[in-house]
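Two complexes, one shared chain (subunit A), two partners (subunit B, subunit C).
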Partner chain A sequence: MGLGVMTWWGLKGIFSDRRFLLSVIVGMLISLFTIPLLMDAVGRFKEGNLLSALPISEKMVKVAVVGEHPLIAELENNSMVEIVRVDEETAMRLLNEGKVHGVFIVNATSGRFIGRSIPLSNLAESAVKDAVDKFMRKDNKLLFNLKSDLGLEELLRSLLAPFLMLTPLFIWSLPVIQSVAYERENKVVEVIFASPTRRVEVLASKVLSNLIFSMLLGAVWMLLVPFFGLHFSNPIGVYVILISMALLVIMMNALVSSIASNANEATLASSISSTIIITLFFSIAILKVFPATEIAAKLSPATYIAEQVSGQGTPFPFNLMLVIYIISATAFLLALSAFSTESFAFSLKPGLSQLYEGMMEILRSKNKAAFAMGFVAFSITLPVELVAIGLTFFLIGPSAFLLLLSATAAEEGLKAVALNVLKPTHLKEGAVLGALVGLAFGLSESLLLAPVFELMILIRIAPIIVHSVCSSIVGAGYAKRYFALSVILAILLHMGYNLYLIRYAMGMR
Partner chain B sequence: MNIIEKELREILGDRAFLGSIIVQFITISMLLFLYDTYSEVMHSPNLNGKVIVAVDKNNTELISRLEDSGVKVILQNASGFEKPNAVINTTTGEVKTDPGNIFSGFAIAKINSVSKAISFDEALQKGNFSYSSENLAGGNTDFVEMGYGLIVPIALVMPAMVGLSLSIQNILSERKKRTIELLLVSPISDFDIAFAKTAPYVLSSTICGSAWLVVVMQKIPVYNAPLLIIAELLLSLILVSLSVLISASARSIQEANVLSSLAGMIFVFSILLPSSYASLYLPTILISRISSNFPDEGIVIGLALLAAAGLLCFWLAVKGVGRMRRSYS
Partner chain C sequence: MTKKFGEFTAVDGVSISVNEGEILGVVGPNGAGKSTLVKMLCTILAPTSGSAEIMGLDIVKDAQKVRAVVGYLPEEPRVYDYMSGEEFLSFFADVYGRGRERIPELLEFVGLEEHAKRKIGEYSKGMKHRISLARALIHDPQVLILDEPTMGLDPASSRDVRERVKSMRRSGKTILVCTHYMDEADFLCDKLAIMNRGKIAAVGKPEELKAKVAKQRYLGVVIKEDALIRKLAEELGGGVDGRMVVVGIRGMNSTIARVHATAKKLKATILSIKTLDPSLDDVFVAVTRGGKWA
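Moving on, here comes the complex of A and B:
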């Protein structure tokens, strides 16, 4: 069986599951109808209180009204308040019994509010004052037009848009779990493995059929979304981002399905990995809120979608897409490594060393495996670095030195883990393998951080060399049984370079 | 009873359940911390120059009111290094904020509060109306809505959602291991099986919800705690029964997961629905009303509707188990 035939077979499998298709359509419809509701809620976010955007305070307070005045109609219009019309004696009794939050005694010329000295009485009183204000002014015009403050509102709108756009990916990328983890449990893959088909083709066909399915749904999604209020400056660019993200999530699902020991575990791990991916990119996109970290927000594809929603014609982030493809390819390689191990057939969770064995079977060269491990280390580094920086920030404080040290330690630590798996046996081999791990890591990092793709090598040559040298030291240290010492040395060297770079940049400024 | 005991033991030993308790505790603690900190900051008469508002001309009334509320006021285009969180154009009434500064939210809240106060005084003058108030609570009450409308519902909804997700995985795992078949071929009735699969999760969710309620009550004076626990029990019954129905009738793990995702999406969707008569009976709003009000007719109707929905979902779960039994036989 060829790749094409198996992909077609996979696609037929996805499309023949009508109940799944129906669920996907219902999920997309719910997401579509959520867009105008959420955007409307953001539109109502104008009075300095996010809560005013959501109907959460429905009939939260109860006010006993004594007397008649046309302004009571205004009070009745407030959805937060429930009013009871009673005489003064009953009103005071209700107040003392705690059955109302306040009493409003009103006549033609005056009004008096009596509370119960509890916070909810203040909320009831503010509603009464709003009603008096609206009625007496005869219009709703506020002194300050907070509606015109588009700063926070637009920011929130553009930040939520990518989140809404990417939500359906969770469901679109489920078929690959079904076809890897579930087919293994049903022993279907054993039949496929018995046929003269290469395992790479089997896994690739499963990923491809899910990707084609996502591409079709993505096209439908992009056609429908503008009707629900999300418009993009460059819809094709947004579509490419959407599909690239789908590819990443599918690859991650393929990886967790190949590693997990059963389908349930695969599903749980997939929801965790998808949540981490979306949350990670969303968190990075939020960095644009702070001027000092605005530039870092460019590291998230969500930022591009946000910019497209707010009508900015920003250039397509080619380098960022390349990084996403590198991470996807790395996930595929790892998935294939797990898929190729004996553990996969026996539904056992492979360890790191078994994954490495699987990788060696595919690549057939320790140097190539080292280069691939560099990409693996880089793929994990972003979330690990964020956690390390976050922990340092919350536990110690915003010390620039410690934040930089935690990021550096995370990078060198992950490269060291890769070398620990490669297990170089003598000095020269350790240095070469380390250099290759560092080279792959440095190249990926440069792709992500280079301001212009064409200038990547020119600007980033020094950091690539630093990564290679540091890892080379760790590799040599491992071979000579000075692993911990070599890791500390690599961290210090890398840190020294980073500090020099920062001082240089500050001097330039 | 033996099955319920066994299920309860499994839940208590489940790492996912124990992990979820930690996550829930962290979430509630964070929300209460934010609630407390924001209230403190808003109440502080002097925000240490953190909230700076620029005005375009020397409007003494506006400036003095803003300063009284703890805001530092500077004139727009005044020389100096201070960057304002908000700029007020008193001619057009427009307010522009700096979204890059975390204190801008406080600036908007303060401007909004001053705006309302000035507007209210003008309205009284215009309508020749006198107004007075007494017995109000001291301190800042700007975040009362957040406490009752957001933190209390989250504290009760989270355990119920965890119950839904855990019970789905439990039945799917039993279906996969085929241990469920032993139950289905035994003379135990559909009702008993559905009850045994539902009760432990409902119980654990209710206990969790009650514990979070005690935590929340340390900061927010919540009313009707027993009614809130009943609401939690009914909400858990609805969600866990739905999970039994989904996992019993789904043809594959994929389908069960998609359906449980849909249930979660529908829940989020319902929170965003615009205000209407029906929204009074939405679980989150009902919980918020119970926690802030003396029990009234509306709350009783809401709880009765929740109980009816719970019983309906449980009946559907029993039917789901029956269908699963027929498909096996």
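Moving on, here comes the complex of A and C:
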């Protein structure tokens, strides 16, 4: 009852804010008209010589050539191009497997270049064009018609589409900040808390009304973008990802608004959390292109959209969706914890321990709270790990050992912070709470990394055990006042397991 | 009930009772713990220890039910500026699961029926207070808790709110009023609890409290000649309060005789002589500053 009523009034509130609606519509229109403009810019950029913009090394580009023509000799003269002469069927197979960067099918008067949105495909295309140009300059009577159906345009379109599709989400999810932080600042929340509506209903209604609003806008957005040149092979999949991301951003905004002491601070904190989300999900999209990895595809909603716009029939990214829901649920739990603290009613910022107390009030069990803290640790780990790896890479260099250490230390460190908040008092309690933190963490990680959801339990059982054991050691160490030592031990143990896995994977055993 | 924030004890073992249909005033200086006490009774804050019952319902165990029978008016009007007065009341009617039939009646009660369609952001502070009062009454609560109901209001608006509170008492509601205006407490309350440093320092009817305070009694003397007021006060060893000379009583008859004699000597014309009763202000000062409290 309370939830429905408050959600309805929340929606009415959003739709009565004319200035906000106007800015949403204007923002969407600007984005829509940007699509053809950017496509045109991409087309013009494509005409320039890309080769000068990139470091060139010997035979870095592989082109499968089908057919014979004198201009092939020009192509062979290019020091960075390696030519493979095959039949058309083999050429296409090699291209699909990523073993060549492009296929050049040629006959007497015309040729066709086929590339993919894979690294260096654009260079292969440029090299072919270069060879055609040189050949035509030598004998300008001869006309040669080159058709290119893939390359830079698709590459940039793949990067452009996710940004255009996902950036409006950050505007759509602003009402939740207004609703939570404004009510707190004006203390309207005091009279709401004095009404029979439960706090969980109050917060859930704010999230839900914003989510419904985003779903409506998302549907309109999906209907409009095809008219401006963006087409998806599975529009429903893109819509589902769009809404999942909207949920994530709304939950993050609800969290920062519940913690911030006023609306201005909440807006500032929201821009920071949005930057983290963009960095996390969008930078991985770029990984798909330079270079493509399996994990990038799993981690990135942007990659999913890029694949959709390229016409690839990618299935639903269930792993990613589950992880988004875990992070969203964690953010909601933390927001509710902040909402339940007394600091909230007094417009003060709750500390970590108060958030934990709020969580305890909601869950009413230390074990449940420990399990929840595992999810919290995992949710924070993703951006922290990314920053840790990035810093290690830029400051120390691409040393595999140090990269591995930074990632492991980030994971074990955040689980240790969770245990520090839980404050186990004796050995057994420490071990149990640690195991629960590790279990939740391992489960979340497994949902993200397992290649097939159904195989998650089989494939990821060992990492889940490693996470549980390591955290159990830290929990016991905390209770026995050997906290720092136990954290180091856990990091070493975790690293040892990771190194063993790498050695095994590389066949060096 | 006790409420602690870390090491600081805001409410320290407070125990009071209010009878049905009574108005209890909780008075005390700023920081005495009144608002914290009110927030606990409204279930916004949980007590650190102890509990309270409202209409037989425990404020900790039956918090949801308590909220349904209590109407709370906070110190400052807590309103949505973007809603109209009518929408604001409709929202809370929905939140409390009540129909909207009472809205016209409540708007009339607080005198805002002509402003029902205007945005609350355009209301004056007094109007915001009145719409807040209507909001607190939307679910027809049996118990009303009012925290500084006239704080920051002009005299006319204050009188308006007080009259409305008084009329609600007549309709059988039990009311707890937190205030630091003594005249308001005197006007409204059947019973007073004076809070100081988180504790209840005194409880009783206003008359009982006044009777307890100040063993020393005074005479107030008003004379016709303004120029002689200060001279008369000096001669009598008293003080001046406005146009009144205030003299300590050391035996009623002898003091009155001394006043007449001195006035005659100074050729002053006495207009009135009256004994001065202690006010609630005196009670408040005595209790909160450790004065002549019996």
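In the analysis below, the second predicted complex is superposed on the first by the 392 of 509 C-alpha atoms of A that agree within 3 Å, B and C clash if a C-alpha of one lies under 4 Å from a C-alpha of the other, contacts with A are read in each partner's own complex, and residues count from 1 in each chain.
The definition used in the following text is that a residue touches a chain if its C-beta (ideal position, glycine included) is under 8 Å from a C-beta of that chain, and two chains touch if they have at least 3 such contacts.
Bear in mind the structure is a predicted one, so any value in this text is a computation, not a measurement.
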- Could you let me know whether more residues of subunit A are touched by subunit B or by subunit C? B
- Message: For A:235 in the superposed arrangement: first (subunit B), second (subunit C), both or neither?
- Response: neither
- Based on the superposed arrangement, let me know which partner A:187 touches: subunit B (first), subunit C (second), both, or neither? second
- With the two structures laid over each other on chain A, which partner does A:383 touch: subunit B (first), subunit C (second), both, or neither? neither
- Query: Can you list the residues of subunit A that meet both subunit B and subunit C?
  - Reply: 17
- Query: Contact residues on subunit A for subunit B in the complex?
  - Reply: 17, 19-20, 23-24, 26-27, 30-31, 33-34, 37-38, 40-41, 47-49, 51, 54-62, 79-80, 82, 97-100, 109-123, 125-126, 129-130, 132-133, 135-137, 142-146, 148-149, 151-152, 155, 167, 170-171, 174-175, 177-178, 182, 185, 262-264, 267-268, 271, 289-291, 294
- Residue ranges of subunit C in contact with subunit A within the complex: 5, 39, 42-46, 64-65, 67-68, 70, 72, 74, 76, 78-82, 91-92, 94-97, 132, 135
- In their shared complex, subunit A is touched by residues of subunit B numbered 16, 86, 88, 92-100, 104-105, 108-112, 115-116, 118-120, 122-124, 126-139, 141-142, 144-150, 153, 169, 172-173, 176, 221, 251-255, 257-259, 261-262, 265-266, 268-269, 271-275, 279-280, 284-285, 288-289, 292-294, 296, 298
- Provide the residue numbers of subunit A that touch subunit C in the complex, in ascending order. 1-2, 5-6, 8-9, 13, 16-17, 186-198, 342, 345
